[in-house]
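Each of the next two complexes has chain A plus one other chain: chain B in the first, chain C in the second.
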Partner chain A sequence: MDRIDTYPTHVYNEFNMRPGRPYPFGATPVPGGINFSVFSHHADYCVLVLFKKGEARPFAEIPFRGMFTRPGTAEPFWGDFRIGNVFSMVVFDLNYEEIEYGFRMGASQPKVERGKPGLHRFDTSQVLLDPYARAIGGRDVWGQTPDWDKPYPHRGRIVYDDFDWESDRPLEIPTEELVVYEMHVRGFTRHPSSGIKHPGTFAGLREKIPYLKELGVNCIELMPIYEFDEFEGSRTHPETSERLFNYWGYSTVGFFAPKAGYAATGSAQDGTMVADELMTLVKDLHKNGIEVMLDVVFNHTAEGNEFGPTISFRGIDNVTYYMLTSDGYYFNFSGTGNTLNCNNPVVRGMVLDALRYWAAEYHIDGFRFDLAAILGRDQNGAPMLNPPLLEVLAHDPVLAKCKLIAEAWDAGGLYQVGSFPAFGRWAEWNGKYRDTLRRWIKGEGGLVSELALRLQGSPDLYASRGPTASINFITCHDGFTLMDMVSYNDKHNEANGENNNDGANDNNSWNSGWEGETEDPEIKTLRFRQVKNAFALLMVSQGVPMLLMGDEMGQTQHGNNNMYCHDNEISWLDWNLLEKNPGLFRFFKNCIAFRQEHQVFHNRWHLHSQDYMGSGYPDISWHGVRSWQPDWSEQSLMLGFMLDGKHARGGLGEDNSIYVFTNTYWEGHDVELPRLPEGQRWHVFANTGAPETEDVWEPGTEPALSDQSNLFVGARSVVILVAK
Partner chain B sequence: MPFKSVLEIVNNVAKITLSGELDAAAAPAFRADVEKAAEAKVKAVALQMSSLEYMASAGLRALVFAKQKMGTQVEIYMIGLQESVRETITMTGFQNSVTFLDEYDASKIEGV
Partner chain C sequence: MIEIDIETIQPGTGSSTTSQGTVVRLKGEIDAVSAAAVQQKILPLSVPGCRMILDMSKVAYMSSAGLRMLLSVYRQISGNKGKVVLVGLSDELKETMSMTGFLGYFTVEDSLELALQVISQ
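Then we have the complex of A and B:
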């Protein structure tokens, strides 16, 4: 049966229309036309502006309220396509592939000049991007210099959302089984050495799925892929004349649109095709058992402060979308100029709508929220005990199985690691894990007790939430790579053109004896060992491990710890390193496989240091040079622990027992091993102090130790044993 | 060049020759030919595409429509694609629904 609402009721110039539906917001294909719907509390004037794709001037401007005629007559009458604060109408007979759209909004307030404070910033001369645009044109091919004189640079496009997902759905891998790989879509394959057909794109990432599978990760976390402007803040390096970009993309233009410049199909200027390419990537990753998590930036937008460009939100409803001081300046808790007003009910709704859209339409498995502490601030910036946005996300039915991960701090000084309002759902990037492990690996004393907590999933921070609240990482996009962490004491950010003033100063790194590149074989050997030490400890920690793209092959940024602006060979993953450092890749791959094979690492709840299974061993026990005698003193630089296989997954699983010993002394030590039950023997899975050919074994092929009582653990080494 | 779709049914195979640009405006003409082929209950569809210059997202959808309309047992062959069209189909994942051929292969398509 045909619908009866697919016929026009109003005519404006040559366009046939009818009142639209407020929901969903944005531009939605409907039978015969497109439903446009946009919110503004304070605008009393709204016009839909339509462009032929790429053209500077619009071909139509259609008001949401004004004088219309009825179809087939010339009789004018007043029409108002608005319900509440939502302007919505259906325009028929538009070719969705060929048009771009935006809005003009106005109100009776006087125009606020650029650079001046103001609560409302309506300006009818501006064409505004739809906050709900599902595709955005204007930066279709990465790095292609835009026509700066072109009006309305970021344009809404229509997505025909009928992708054929077949039977795909989000994987819902239990959080405790995840191994997360943080990556930059462009940087992953842009380097010429990637050897693929579509470098730097979603399609290129898809070509590398076999590599991810071989490495063994089961979740990739994509640095921002919402549409952003790589030319935002773009500048030329004063000395090298190199163009610096907004490469990372932590500055959102549109929360519902994938970055067109990340699509190999971006040049077709077809929003649906860009969406298809990304959806195909997600579908194929899922087919290969790999989840997709998005790093999402809801704390601010690309519009900056009162000097920034008017793209969308500030021209649609400035006072709703942004946190403003009473005299109309932008709060800057993000450190980037503005702060999205996330706990305004309308903005909260937009954040929720966006996440639901990505979960439902793109089958995204989880989200990591950049500077998430901001999401818990009220409209005046004060932290709330019970932030409604965080609560609503935690309990949302569509997001119910999505992983929600907070970067639990912001640039306004709010640090909530361990205290982020979790509502039983939220996990956190555990900054304390990173700092403790880094300091331990470089050989700092006074850490052994804290190390024990971090290895257990930080029960001091997440007592009631369990280890899966802890996303354990030693490196991420922010800061040094793992190889640089053991090669540099200090940051070397001169290439960023900010006199080395940008980037963190507290890197907790040690250069192993020489600052930067060296041919000294001893130092090089030590660095590789230190990298392996770090990764080995990450892989045997309770909680959810995350590694940074390229660490598995020794990627370097030459001491730069803030690569946000580099779209070049320093930031792109150099695939030649795989051939150069095969031993490192082998070590990483086997450690991931070992972790995945052993349920003792997959505990949903914290360990108790007790034997509640009657196995004769506690679930976790601590050891020193003498077994059962850990040295908790300030001077101690050694610690051993044993995970009892009978207590795997709280006793619900059955596994081998595992013994781990970490020594950060500059000398090796003989270590007494805990005695095993009759019939079992210790086998060595990894020993970073051994020559590279024997420093790790494929799980299942571990050789038995000839001496079951004592083991020599080399200087600055980690040993992992498995009982069989 | 405007889009053109020409259908002929021979030996239980629907041969559709496409030329020009297959976009949202052109897709209905192609879909109409697909429907005719489906009514004729052919066992395969051979899309001669060497003169097809461009395919937009609506064109890609027309391929899925063809597959859905015909049923999974009916093979869809795409013959002589221009590189850019082939790339578009591959990058967006639609190659899973079809088989690419460089030229018409009667033994494969007609089973003779």
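Then we have the complex of A and C:
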């Protein structure tokens, strides 16, 4: 039976219409037409602007309030398609594939000039992007120089959201079993060495799924994939005249649209196809047991401060969407010019709608929130004890099984690692884990007690949440790669064109004896060992490990610790390294497999340092050069720990016991091993001090130690043993 | 840049029933408008156990609506215990179908002869 609301009630010029539905916001195909719905608290004038795809001038402008006629009559009457503060109408007979749309908004306030402060920034000469646009045209092919004179550069497109997921659903892998691989969609496969058909795209990433499977990760975290403008802040390097881009994309143009330039199908300018390509990627990753997490940027937008471009939010309802000072300047807690007004109830609703959309329509498994501390600030910027947005996300029914991860600090000085308002649900990027591990690996003293906490999942920070609240990482996109961390003392960001002033100065890195590239075999050997030491410790820590794309093959950025602007061979993953450094890849792969095989690393709750299973060993015990005698002194550069197999998963699992010893001293030491129960012997899984052919074993093939009571642990080495 | 021609296509011009089943020849571009017309022509042919070859060799372009039309024809026919084979897909179309996940649903053959063999099995 046909719906009775598929018939027009209003006519404007040649367009047939009827009042729309406020929900859902955005442009939604309905039988016979498209429902357009947009919120503005302060606009009293709103016009739908329709373009034929790519054309500079609109082919229609249809008011949401104005004079209409009834079908078949010529008599004008006043019509008002507005409920509350939402303008909504259905326009019939539009070819949804052919059109791009936007809005004009106006109010009685005087226009505020660019560069001047102002609470309201309505300007009816501007066509505005729908904040809920599910596809956005204008940057369809990455790096293709836009026509700067073309009005309305970022254009809403319609998505026909009927993707056939078949039986796919988010994987819901228990958080404690995740191994996260942080990656940049374009950088992962753009390098000519990737050897695939569609470099730099979602489709290209899909071609590399077998590689991810082989490495053994079960979750990829994608750096921003919401539509952004790679030309934002684009400039040429003053000396090299190379074009610098917004390569990372931490600057959102639209929260509901995937980055078209990341889709191999982007050039077709078909929003639905872009969505299909990304959904197909997610579906295939799920088929291969790999979750997809998105790095989302809800703290600010691409509109910048009062000098920035008017794209969407500021022209639709500036005072609602942004945190403003009382005289109309933008608060800048994000360090990028503006701050999204996340704890305004309407904006909170938009954030929630966006996340639900990605979880429900794209089957996304989790989210990592960039500068998440901002999400806990009130509308004047003050941190709140119980931020409603964070609470809403923690308890939302659609997001209930999604992983929620906070980057628990912001550019306004709020640092909440360990104290982020978590509502029992939020995990955090553990910056303290990163700093402690880096300092330990370079050989700093005075750290052994803190190291013990970090290896246990930081119970000092996450007492009530358990180790799964701790996303452990040593490197991420922001900073050195792992190979650079052991090759450079200082950042070398000259290529960024900011006189090396950008990027962090406290890298906690050590160059192993020479700054930068060297052919010195001893230094090179030490660097590889240090990389392995770092990764081995990451893989035996309680909590959720995350590694940076390329670290498994020794990717270098030549000492640059802030690659945000480079779309070139420094930032792209060089797949040749896989052939150059096969031993490194083998080490990483086996360490991941080892972690996944052993439940003693998968504790949901903190360890107790007690034997509550009657096994004769505490769940975790600490050791030094003499077993059972850890050296907690300031000078100590060695620590051993044993995880008891009978206490795996809080005693619910059954596993082998594992012994780990880390020595950051510049000399090797004989280390006494804890005695095992009758019938068990120590086998060596990894020994970074051994020659490369013997520094790691495939899980299950570990050789037994000939001496079960003592082991020589080499200078700056990590040893991992398994009891069998 | 792909220019989209919104001229409505008259599909199925070469449609003929062979002893093995139906061959539907399509020509032109399949977008949101023409996809509906194609579907209207094809669906009546989807009788229980039907065998259908869709000859795509003259299809220069398919939009996301075209891809959807194909999938819904496939669903309809396989739901009727029928069989559908695509033939003559250009490399570009095959690539688009692969990137968007549609290719995996279909049996694709390079020539009509091979397709006839497949559907007569």
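Some points to look at:
Basically, the second predicted complex is superposed on the first by the 724 of 724 C-alpha atoms of A that agree within 3 Å, B and C clash if a C-alpha of one lies under 4 Å from a C-alpha of the other, contacts with A are read in each partner's own complex, and residues count from 1 in each chain.
Assume a residue touches a chain if its C-beta (ideal position, glycine included) is under 8 Å from a C-beta of that chain, and two chains touch if they have at least 3 such contacts.
Given the structure is predicted, the values throughout are model-derived calculations rather than measurements.
Three-chain overlay on chain A, with chain B and chain C in a clash.
Legend: residue contacts after superposition of the two complexes on their common chain; A:T265 is shown touching both chain B and chain C.
Looking at the shared chain after the overlay, A:F92 reaches neither chain B nor chain C. In the superposition on chain A, A:Y45 makes contact with neither chain B nor chain C. By the touch criterion defined above, A:A203 reaches both chain B and chain C. Once the two complexes are overlaid on the shared chain, A:F423 sits clear of chain B and of chain C alike.
Within the superposed three-chain model, A:W514 lies out of touch with both chain B and chain C [touch as defined at top]. When both complexes are overlaid on chain A, the residue A:K53 reaches chain C alone and has no touch with chain B.
Where the contact sets of chain A with chain B and with chain C meet, they give residues 95-98, 160, 162, 164, 198, 203, 263-265, 268, 270, 272-273, 276-277, 279-280, 283-284. Those residues of chain A lying in contact with chain B across their complex are 95-98, 160, 162, 164, 198, 203, 263-265, 268, 270-273, 276-277, 279-280, 283-284. Per the touch definition, chain A reaches chain C in the complex via residues 53-54, 95-98, 160, 162, 164, 197-198, 202-203, 263-265, 267-270, 272-273, 276-277, 279-280, 283-284.
Residues 1-2, 4, 6, 31-33, 63-65, 67-68, 71, 95-96, 98-102 of chain C are the ones touching chain A in the complex. The touching residues of chain B, when paired with chain A in their complex, are 23-25, 56-58, 60-61, 64, 87-88, 90-94, 97.
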